[in-house]
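Same chain, two partners: chain A is paired with chain B first, then with chain C.
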Partner chain A sequence: MFLTDYIRTVYKGVRSLLTGMKTTGYYFTHARKEIKTEEYPDNRATLTMFDRFKGEVVMPHDENNEHRCTGCQACEIACPNGTIKIITKQELQPDGKKKKAIDTFVYHLELCTMCNLCVVACPSDAIKMAQTFEHSVYDKKQLKKVLNNPGSKIMEGVE
Partner chain B sequence: MSLLGEDYTTEEGEFVINIGPQHPSTHGVLHLKVWLDGETIKKVQPHLGYIHRSIEKMSESLSYRNFIYATSRMDYLSAHINNQACALCVEKGLQIEAPPRAQMIRIILAELTRLASHQLWWGCTGLDLGAVSPFFYAFREREAILEIMEETCGARLTQNFCVPGGIMADIHPNFQKRTKDVLKQIKSKFQEYDDVLTGNVIFENRNKNVGFLTAEDAISFGCTGPMARGSGVSCDVRKWFPYDGYDKVQFDEVLGKEGDCFSRYMVRMNEMKQSVSIIEQLIDNIPEGDFQAKTKMVLKLPKGEFYQRVETARGELGVFIVSDGAASPYRIKYRSPNFSNLSALDHVARGYKIGDLVAIMSTIDLIIPDVDR
Partner chain C sequence: MNLLLTISFSSVASGIHNWLVSTIPNELLAKSVEMVIAGICLLLFLVPLCFILGYMERKVAGFMQMRYGPNRVGPYGSLQIVADTVKLVMKEGLTPTGSDKFLFNLAPVIMVVTCMLVLAPIAFAKDFQIWDINIGVLYVSAISSLAVIGILMAGWSSYNKYSLLGAMRSGAQIVSYELSVGLSLISIVILTGSLKMSDIVMSQETGWWIIRGHIPVIISFVIFVIASTAEINRAPFDLAEAEQELTAGFHTEYAGMKFAMFLLAEYINLFIVSAIAATLFLGGWMPFHIGHWQEFNHIMDFVPSSLWFLGKTFFIIFIIMQFRWTFPRLRVDQLLTLEWKYLLPISMVNTILVTVMAIMGWHF
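And now, the complex of A and B:
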C-alpha cells in the first residue's frame, strides 16, 4: 500500500515536471517565432513612442518664432511639485497699451512627475507633452529648461 | 533588545537573523528580523519606514486636483485604482458623479491594472520559489497590458488618468482593438500558466499546507483582498460596496477554502479569469457621451468627512478626507491594504521553517511603498 502510494506520487511528480518542461521546450525550440523582446539601445532608430506618451513638457513654436503662451500661470498653479515658474513682463503694444507677456517660462524637468495636469490646465494649448524619454545628463543644472525660445512672441489672436 | 520586540525575549539557543536587503538604491524591499530556533521561525518582525514619503501630509498642502498624482506612487502596481479611489472620494464630497462613459473606462482600466498586477505577482512568486521561466511568461502578457496603458493614459505605471469628475482624456482610437487582442492573448495563456507552475510538484509541495491563516484571524488582523479571500472571507468591495458601476457587471467573488499559501495562489489565478470576463462584458458596450463631468476651476469640498473604499489588486484601499471647506484637504488618511496584510505575517509565519517564509511572503504579495506611504 505504501509502495503504490509512493510510486503514484513519483509518477505524478515526474509527469507535472514534464508538463512544465514541455512548455519551456516549446519556447526553446520556437524562439524565433515567439520572441517578444525589444533590443532597446540598438533599436533606437526605429523606436517610436505612443503619441500620448508623457516624456517632458515642451512649448511648440511656429515658423515665425511665435508661441501661444499668454502668461496666465494656470499651469504653475496646477503643478503639484512647483515644476513650472513663469516670469512675466509688461510689454508695450503697438497701440500704446501695456500687456502682460511671458519673459521666461522655466521648467524644472528634475521635479516633474509627468502628471499632465499643466497641459490639461492650459486654456490656450500653449504647452504639450513631448515623446522624448532619454533625459539623463551629467549635471543637474542641465535639467532646468527655458521653454520659450529667445526673442519669441505671442501668436496673433491668442488671448 | 530591539525597538518593537519587547514582548519576546530571545531564549537559549535561538538566534536572530535579518532577511531582506536594505539599501537606498533598492527602494521598496522588505527587511525582516527573524528569530529562529534552528530553522523554525519563532517570531518575525518587519522593519518599516525606509520608504516613507509622507504622501498623506504632503496632500494636505495640495489642491483636490493635485493630490491624486501622489497616490500612483503608493501601490504602484494598482496605480490607476488608487487614483480612482481618490477621484471617487472627491466626487462624493462634491456630490457629482462621473458620466457613464468615464465610469466604464475607469472599470476597464482598473481590471486591466488588476490583471497586470496579478501577472507580475505570478511571475515573482515563481521567481521567489526558484522557477525562473514564469517570470518571463508573465512579463510578456503584462507588457501587452502596459502598452494599452501607455497608449491611452500616456504612462505605463503612474498613469494619473483619473480626475475628479471623470477621466483626463478620451480613450485612444486603438484602445478597444488593442484590449481585445490582449484579452485573446491572455486567455490562451492561462493553460500555460497552470502547466508551468500550478501543477508543478515542487511548487505544490512548497505551498500546500504552509502559512495557514484562519478566517477569524484574517478578519481580526484586518486582512483584505486575495489574502482574506484565500481564507474564505467574503470581502470584495466590488461586490459589497459597488462603485463606478460594478453592480451592473456579472462576476463571481473568488473564495478559497483552506487559507494556506496555495489557496491564496489559486484565488489570484481565478481572479485573473474574472477580470478578463469583466473586461469582455464591457469593452464593446462603452456608452457614448462625455468623458468628464463639468466641474469648477477650483474644487472646494463642503465641510465634513468623506470616505471611499475600492478594491485594489491587493485588497481594500480606503481614502478618508476631512475637509474644512478650503481648497485643499484638512487631513487625508489612506487605509492601505498592504499594511494590514503585513501585520498578519508574524502570525502566519510562526512555527514554519525559514524556507516557507519565502512562500508566505510571496503569496501575501506585498508592495512596500504602500506599507510606508
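And now, the complex of A and C:
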C-alpha cells in the first residue's frame, strides 16, 4: 500500500514537471511567434493600444466644431478626485429663451486616476477615454486642459 | 585542406609538449612551463565561456518567458555581458566593517579555485585532457564537495544574518545531494569498471551508456542532473542565494569583482556539471556510434570530437537552464524531503539494478 502511494507520487511529480518543461520548451522553440513584448520607442509609429486602455478624458467634436456636452455636471459630481470642473453660462436661444450651456470644461489630468466614472455618468456620451499615454510635461500647468474647443457649440438635438 | 583535417587538439598539445621538451633541457622547468601554458589556455577558455553562458541564460530565460531578453547592446544584445562586466569592474570592492576581512576576501578565490580544480580530469576532445588521473570520477566528486567551504566561508565572514542563513542552508543542501550524485556516478563506474575518465569515454565506443544501459542508466542520468542542479545551487534549488527570502544569501555583502568571481564560479560549475554528465552518460567526446555499424560510425567520426563534447555539454546546460525557468522553488523542508525520501532511495535501488545488470550482462 505504501509502495503504490510512493510510486504514484513519483509518477505524478515527474509527469507534472515534464508538462511544465513542455510548455516552456514550446515557448522557447516558437519564440518568434510567442513573444509579447512591444518594443515601445522603436514601434512608436505603428503602436496601437488595446480598446479598453484608458489614457485621458477627451471630448470628441464633429466636423462643424460641435460637441455633445449639455453642461449637466453629472461627470463633475461623479468624479471622486475633483478632476473635472465645468463652468457654465446662459445662452440665448433663437426663440428668445435662455438655456444652460458650457463655457469651459476644465480637466485636471494631474488629478485623474483614469477610473472611467465620469464617462459612465455622462448621459449624452459627450466625453470618452482616449488611448494616448505620453503625458509627461515639464510644467504642471500644462496638465490642466480645457476639453471643449474654442467657439464650439452643442450639437443639434442633444438634450 | 587535408592537412587542416588532420590537425586536432591532441596533435597541437603533443606538438607543444615535444617542442618544450626538446628546447628546455631541464625536465622540471619544461613541465612547469607546460603547466603554466595549460592554465592560461584554461583561463582563455573559461572567461569567454562564462560570457557565452551568461548571454545564453538571459536569452533562454527571455524566450521562455515570452520576451526578448537583452537586445540593446550589440547585435541581438550579444555585448550585454561585456557591458555588465565593465560595470562590475568599475564598482568599489567593499569589505564590511564587522566582517572577518581575511576570510571574506579569501572566499571568492576558494570558490573559483575549487571549480578550476575539477576541470583537470575532464576530456575536452580526443586525447586532450589536462590530467588523466586514474581515479578521475572520485577526484571530481571529492573536489566538487569542497565548494561548500567557499560558500560557508563567505556566509560566515560577512557578519550578516542573511549571509549566514544562506550559507547554513547550502551546507545542509550540498551534504545531502552529494549522496545522490555519488550513487548515480557509481552506476556508470560499475558498468565501466574504471574510475579513469579516458577509460569511461573509451568504453562507450559501441554506444553511449544512456543507450546501452537503458532504463537504470536513464534513471541515474535523471537523478544526476537533478542532484547536481541542487549541488551547484541553481534554481529551483537556489536556497543558498534565495533572492526571494535572503536578498542574495551568502553573497549579499559582496560587490564588484569579488561578486563577479562568485558569478564566474557559478557558471564554471554549471559547465563542469554538464561536462561530467556528458562524459559519463552521453559519451564525452565520443561520436554517436551504434554497435558495429562500421560505415555509420565512420561517417560520425568526421565531426570533430571537441564539437561532440561541446554539443552534448551545451545540451545539458540548456536542460538545467530550462529547469531554472520552469520549476517553482522548493522550501528547505521540501528540498530535504526530495533528497532523503525520493532521490536517495531510488538511486540506492537503482544501484542494485545496475549491479545486477552489469553482472548478468543485460546491457547492449
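What we mean here is this: the second predicted complex is superposed on the first by the 123 of 159 C-alpha atoms of A that agree within 3 Å, B and C clash if a C-alpha of one lies under 4 Å from a C-alpha of the other, contacts with A are read in each partner's own complex, and residues count from 1 in each chain.
One rule holds in what follows: a residue touches a chain if its C-beta (ideal position, glycine included) is under 8 Å from a C-beta of that chain, and two chains touch if they have at least 3 such contacts.
Computed from a prediction, not measured in an experiment: that's the story for all the values here.
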>> Per the contact definition in the header, classify A:120: touching chain B only (first), chain C only (second), both, or neither.
In response: first
> First (chain B), second (chain C), both or neither: which does A:52 touch?
Replying inline: first
>> Let me test your reading of the model: by the given contact rule, A:80 touches which partner, first (chain B), second (chain C), both or neither?
In response: first
>> Tell me the contact category for A:36 with respect to chain B and chain C: first, second, both or neither.
In response: both
>> Going by the contact rule set out at the top, does A:24 touch chain B (first), chain C (second), both, or neither?
In response: both
> First (chain B), second (chain C), both or neither: which does A:129 touch?
Replying inline: first
> For A:12, is the partner it touches chain B (first), chain C (second), both, or none of the two (neither)?
Replying inline: first
>> Counting contacts the way the document defines them, which residues of chain A are shared by the two interfaces, the one with chain B and the one with chain C?
In response: 13, 17, 20, 23-24, 27, 36
> Okay, in this complex, where on chain C does chain A touch?
Replying inline: 60, 63-68, 71, 322-323, 325-327, 342, 346
> Once bound in the complex, which stretches of chain A touch chain B?
Replying inline: 12-14, 16-17, 19-20, 22-24, 27, 36, 50, 52-54, 78-80, 113-117, 120, 129
>> Using the touch definition from the top, list the residues of chain B that touch chain A in their complex.
In response: 62, 65-67, 69-70, 133, 140, 143, 147, 150-155, 158, 160, 163, 168-169, 172, 192, 195-197, 199-202, 204
>> Applying the document's contact rule, which stretches of chain A touch chain C when the two form their complex?
In response: 10, 13, 17, 20-21, 23-25, 27-28, 31, 34-37, 39
